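Every chain is named by a letter (A, B, C, D, E and F) in the order it is written, and numbering of its residues begins at 1.
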């Protein structure tokens, strides 16, 4: 009966990667806590980088700063 | 002052159905806990079926499997 | 497959009331969206009134203010 | 290490306003709890007004009612 | 920068099991999405079985029913 | 109508600090988005340090490691 919510930035996560996250998380809960996969929910939420802040800045800004230092 | 968060898959829920969920949930909290509707929040989040996993698979995959067994 | 999270203040909600919230919410999702009860999760979280703020104040403070105006 | 989730209706919040919310929330946690900004997450979720209910109605309905009383 | 929230029932999960869930989830996000472990949050919430409902009943009730059918 | 959820570790946050977080967050939403304080919810959740993981380890473990390097 576990409910797992994974929030990540919406930076091009593929369907295959989402399937890996779902299967991997479910397997972890089966292995560690012997949970029933049939009632194990895994939800993935993709958040816009304008809407995710770390250290005072949005991820959009952080990515741009990183880009500028490279160029 | 309750806060209710309803997560469902984004499979064509109509505005009318959303209104039913909002009104029904609010009524339940008024009836059971005598809460004030004016400060009862009900939020509905519609999740992409690629992003919702149950039993190792995404709901997209589960729906396709069900479709295939029917045809 | 719905997941419902109900947050309320920890002001003495009984087990019977929790059961009413669980059954009522599940019934609503079955009736409105034809969801399968067996994979409908309803989670109730009881939050300390010091930890719930509305209009600049905690609910603890609001309750005390209400109490003072009555006495 | 705080994680802050801000849910607001999707009524035209600008990127600059999101940045103010991120910076302001981070600053509050640094000032009040001496938290490290580098591991302080602030996530903003913008919810469709059809999907946010207060007092039995969706915010969409409430906005329309307010509009009608003005005209 | 992922944020993962794992909700499970409060049925005696050990500290060692929590550490396995934290490490396993972090490793999955590193492997699948190449995320930085230093900014990968994994939060585990243990929910009282009275407060978790499935199929109209609380988990407390479901556990008791299962117990009764065994005896 | 904003809903803000602040998750922090349960490391001795005082009632006064909680009140500062509630008032400060509400003020930020009033100032930046002109929201109504009367329908602005701020919820603070205190999470056990065993249950919060960063970089493969729980915060309990990280705090102990920091302690050991100091002594």
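Operating definition for what follows: a residue touches a chain if its C-beta (ideal position, glycine included) is under 8 Å from a C-beta of that chain, and two chains touch if they have at least 3 such contacts.
Chains and their UniProt names: A, B, C, D, E, F = Tautomerase.
Quick caveat, the model's predicted, so the values are computed rather than measured.
*Asks:* Please give the intersection of the contact partners of chain A (Tautomerase) with those of chain F (Tautomerase).
*Replies:* Touches both chain A (Tautomerase) and chain F (Tautomerase): B, C, D, E.
*Asks:* Name the chain pair with more contacting C-beta pairs, choosing from B-C and E-F.
*Replies:* B-C
*Asks:* Which of these, A-D, A-C or D-F, gives back the A-B interface, meaning over half of its contact pairs coincide by residue number?
*Replies:* The same interface as A-B is formed by A-D.
*Asks:* So chain A (Tautomerase) and chain D (Tautomerase): same face meeting same face, with over half the numbers shared, or different?
*Replies:* Different, since under half the interface numbering is common to both chains.
*Asks:* So the centre of each chain is just the mean of its C-alpha atoms; given that, what is the distance between chain B (Tautomerase) and chain E (Tautomerase) in Å?
*Replies:* Here the centre of chain E (Tautomerase) sits 21 Å away from the centre of chain B (Tautomerase).
*Asks:* Between chain A (Tautomerase) and chain E (Tautomerase), what distance separates the C-alpha centroids? Give it in angstrom.
*Replies:* Chain A (Tautomerase) and chain E (Tautomerase) have C-alpha centres separated by 16 Å.
*Asks:* What are the residues of chain E (Tautomerase) that contact at least two other chains?
*Replies:* 1, 3, 7, 21, 25, 38-39, 41, 43, 52, 54
*Asks:* Identify every two-chain combination in which the chains touch.
*Replies:* Every touching chain pair, ordered by label, is A-B, A-C, A-D, A-E, B-C, B-D, B-F, C-E, C-F, D-E, D-F, E-F.
*Asks:* Which stretch or stretches of chain B (Tautomerase) touch chain A (Tautomerase) in the complex?
*Replies:* Residue positions touching the partner: 7, 47, 50-58, 60-61.
*Asks:* Would you pull the chain B (Tautomerase) residues touching chain F (Tautomerase) in the complex into a rising list?
*Replies:* On the chain B (Tautomerase) side, the touching residues are 1, 3, 38-39, 41, 43.
*Asks:* Enumerate the contact residues on chain F (Tautomerase) facing chain D (Tautomerase) in the complex.
*Replies:* Listed in rising order, the residues of chain F (Tautomerase) that touch chain D (Tautomerase) are 1-9, 13, 17, 20-21, 24-25, 28-29, 31-33, 35, 39, 52, 54, 59.
*Asks:* In the complex of these two chains, what residues of chain C (Tautomerase) are touching chain E (Tautomerase)?
*Replies:* Chain C (Tautomerase) reaches chain E (Tautomerase) through residues 15, 18-19, 21-23, 25-27, 37-46.
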